[in-house]
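Next come two complexes built around chain A: one with chain B, the other with chain C.
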Partner chain A sequence: MKNNKRVFFLVPYLLWIVLFVILPLLLIGWYSITDTNGHFTLENYQRFFGSGTFLRMSLNSLWYAFLITLFTLVISYPAAYLLTKMKHQQFWLLLIILPTWINLLLKAYAFIGILGTHGMVNQFLQLFGLGPVNMLFTNFAFILVAVYIEIPFMILPIYNAIADINPAVIQASEDLGASKWQTFRYVLWPLSWPGVESGIQAIFIPSLSLFMLTRLIGGNRVITLGTAIEEYFMTTMNWNMGATIGVILIVMMIVVMLITGQRKKGRTRK
Partner chain B sequence: MEIIKLQNITKRYDDGFVALNDINLTIESGKFYSLLGPSGSGKTTILRIIAGFTQASSGRIYFKGKDMTEVDAAKRPINTVFQNYALFPHLNVFENVAFGLKIKKKPAKEIAPAVNEALHLVRLDGYAQREIAELSGGQQQRVAIARAIVNQPEVLLLDESLSALDKRLRKEMQFELRAIQKKLGITFIFVTHDQEEALSMSDEIFVLNDGEIQQNGSPVDIYDEPVNDFVARFIGDSNILPGRMIRDFEVEFANRHFKCADAGMRPNEKVEVVIRPEDLDVVAPDQGKLVVRAQTQLFLGDHFEIKAIDSDEHEWLVHSTNSVHLNQPLGLFFDPEDIHVMRLNESQEEFDARLEQYEDDDDEKQ
Partner chain C sequence: MKQRHLGARLYLIVLLLVLYLPIFYLIYFSFSSGQNMNHFQHFTWEHYQTLFNDSRLLAIMLQTLLLALLSGLIATTVGTFGAIAIEAARSKREKSSLLALNNVLMVSPDVIIGASFLIFFTALGLSLNFGSVLLSHVAFSIPIVVLMVLPRIKEMDATLIDAAKDLGASSYQVFSQVLIPAIMPGILAGFFMALTYSLDDFAVTFFVTGNGFTTLSVEIYSRARQGIDLEVNALSAIIFLVVLIGVLIYYFLSVRSSRTKHNRRIGVKL
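And then the complex of A and B:
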């Protein structure tokens, strides 16, 4: 009786999972191993791995996701650390979270306005007699905007991880003769690693399939797997090839998750 | 030999709160010191200033005569055992203890024996590869001690290091800490609010209250000759009564005159009189110097704690090995040496000077 009730509560969630997660995954898998007439084939995969363009596109995706994650981490870690030392932490946290409430598309359009030929940055540069510099539709603009959008998702987990560290442990490290850098290297960094790891997962994996920003800010000069998938589904209507790239993207994500998740598991098992 | 000296140390916080007010103290090498006081008395602040975690607002700290007021915590030849141990949760026991040596870039073949020796000293042989989370509180405490002493500091600071342990374990660690200190011969400065702990372990105790040193001396001195009623109340139980010094070696309290061992005060000066409950002997009413009636008694295992009232409604605390009859007249007997007379608002320097003066008189008479 009691058990039945519990199962009953699970129904909405199970329906959701089946309809919107499991079925789509199965569909993608199915499309990727069939041709446009619905016959079984591995041609899509042969095409993917046989063509330099697709492999270059994958490397491109990995490279840009790596760059975005790296820059986000470099900016977010010190910010999160300083945040744990500040007064009015809740207020600063709110300021960091605030931009995430605004729609991604709106933010992208805002950046088009800021970075454009007659945008604010160029107006500012012209005060010094510089420019106008073409910033929109460059790799730099793409990474800048992507990093801007991802920063809150990196700061929050790192902030939480650092805030959880007992301050006496940092003092203990200094007490034992460690310099500031050694304390960071041997105590602060390893203890905040779980937060860094969550941040990396939250940014690297979605960055692999960014396509809206590549189009709006990158001006289609940056081609990632995300843009390729969009192209196949929306433009050439070759759903089978699009699904194949999707499957490969999912495999890449799983690999990234396994790599970042490994260290932590090893530690607790010991 | 003098190893640490604090000179006119004052710590004032931004909100105006004065945590330490003009502290002067000298620590000699190879001794076990306790900083004893209630919470908020400033004892931990002194420790943090010695360790280098807190900067004093004014005053200087000397280490072997060298000014180290501005020296970083990392560069002081001092290690700390923290209140809640502050072990590194991501490192195992061995790595925790080895941390300080690794930072100093000692070769691995020197580190391993040193770590094992430190673990042996705190009786944790065989625990090197355990994770910190697997250890009990007492074991974590030992790791924290090993992690500090493996660096062979000249001074070891212990911040309320035993207060998280249960009573039995605490007693056991008191003996061990004292044994470790004797064996290594390094200076220990132990911060505690537990007077029993301070009395049982220390060579010398600094009693603190409201950011000032109230009294310092050996445990026996402080127990037997408290300089003011704060020390008398804080260290052990006591009966404190208002009194009047009639002349040298004679004091009046509870409306009677008694012979005592104190002198050097003005005639008829108002004083406070301290008598420890264990110095009061229960005798027959006609043999007692005072007659009281017992109101309550508690059996505490090794003695009875009796609360009694005299004819002036003064309450007396008595420790007796035998039980008494409640509400019957009891005699209380004490020797002149059991009476300790305190002047009001007398500082320790004045107290010491007075003591010296009349003890000299004693010597001359003999």
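And then the complex of A and C:
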């Protein structure tokens, strides 16, 4: 392709990169190291690392994101595996993807009814004489709904990875006398790891920012960094502090990605 | 063996029931004459009547669709150009750095994208309305379009371009009659993903929208924060119906095309 032709294709795309990728990141970094008058200050970072609240919140965010990812994985892996054994796989897959097309907010809204004091779950519990349990506006409710929302996004990549495995490999492992557990541990799991990894990446990072869920069903308390950012930007209007938390979230995100990326490198070296 | 299949099917069916439960719960109560989602009172169409007389909500639905179509079109254009430019990159380093920048918005949490775009628009002095939301949706949809189009360009037989040139095609003819038709499936997939991203988005829109403009997600959020409103239930029933019809049409089309796949594939490959 001649040079001037390439420039014609490149210019709008580069414009997008500069305006909407690089500049916003620079701006959020700039806001985090200035005060409301635009003067340089490190006060925001001192506030973040000086107070237990923010540090506890960071740990909380990571912990919740970890739990959400773990529960989603535990539920989704068997489902993805079983799907590859089914007839009419395309139809089953379609059934699993369909709920992701319903707006996330609507699904969260449904749980307000389901988990409420007089909602379905409590009516069910009362059949066994268990008193109404307050589930709405708890951390449990937040994790439950987040797992519910993320399940299809974990099933799909794992399903694709398992479907790509040559069945002969599994048969070979069984023929050579491996137990079911050994076949899973040493054959199926490592071969399906790329799918698991992309599932984890698709869930761990977004679950750091599910502020609407913590608002609607987590009880309006600021328990994760995502909620804190929303609070500082939309309610208290302290954008500089919000930007600082944003920078910290970005750093955490990069660390998480480096960890998962590194493990992949280590594996291929073996 | 038979037993194992039964267990497998049971696990998947229970999982599907759980996935659909909240949606059916919403739809069930959309026919209840009460004001809450605890006990079904009498059957009524009342909430649907309110919904269809709610001109504000209907306008928001139209706005949301318009926004998705418009941002999808723009993002598909810029993204396709970007993919062409990336593939034509002179050095491997240039290509990989362009791809890395492309993926920044793919992996960023929504709150970060929303907050940094909010700072960006304010810094530019842009007012927060349809324009700012449109720009944001275009911005976060471009990377997925690039990722959908890129493999198609890679797969394409480069001799096609040479052949067209040898046969005397102008560079515009090569672009519009050879390159674009060859990568059309990728472009369509990218457009489709861009539509999904736009329709699904809540967090970014929530940050960058002002008083004058709102999308369906943001509207549902603000209604859900005020508590149960069975008009929202009626709305979700309608949305579910539309999605269901769309998915069924897609399924039967893809089943039919997979039957004639053999002929089709040859046609596409040529």
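By our rule, the second predicted complex is superposed on the first by the 252 of 270 C-alpha atoms of A that agree within 3 Å, B and C clash if a C-alpha of one lies under 4 Å from a C-alpha of the other, contacts with A are read in each partner's own complex, and residues count from 1 in each chain.
Everything that follows uses one rule, which is that a contact is a pair of C-beta atoms (placed from the backbone, for glycine too) under 8 Å apart; a residue touches a chain by one contact, two chains touch by 3 or more.
Quick caveat: nothing in here was measured; it's all calculated off a predicted structure.
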item	value
First (chain B), second (chain C), both or neither touched by A:T34	neither
First (chain B), second (chain C), both or neither touched by A:P78	second
Residue contacts with chain A in the superposition, chain B compared against chain C	C
Which superposed partner A:S173 touches (first chain B, second chain C, both, neither)	first
First, second, both or neither for A:N44, with chain B first and chain C second	neither
Touching both chain C and chain B, counted on chain A across the two superposed complexes	none
Footprint of chain B on chain A - complex, ascending	166, 168-169, 171-179, 182, 186-187, 190-191, 267, 270
Chain A contact footprint on chain C (complex, rising order)	5, 8-9, 11-12, 15-16, 18-23, 25-26, 29, 36-39, 77-79, 81-82, 84-86, 88, 98, 101-102, 104-105, 107-120, 123, 135, 139, 142, 171, 196, 199-200, 202-203, 206-207, 216-217, 220-221, 224-225, 227-228, 232, 235-236, 239-240, 243-244, 247, 251, 254-255
Chain B residues within the chain A interface of the complex	51-53, 72-75, 78-80, 82-84, 86-90, 92, 99-100, 102-104, 131, 147-148, 151
Residues on chain A engaged by chain C in the complex (per definition of touch)	1-2, 5-6, 8-10, 12-13, 16-17, 19-25, 27-28, 31, 75, 78-79, 82-83, 85-86, 90-92, 94-99, 101-114, 116, 118-120, 123, 148, 151-152, 201, 205-206, 208-209, 211-212, 215-216, 226, 229-230, 233-234, 239, 242-243, 246, 249-250, 253, 257
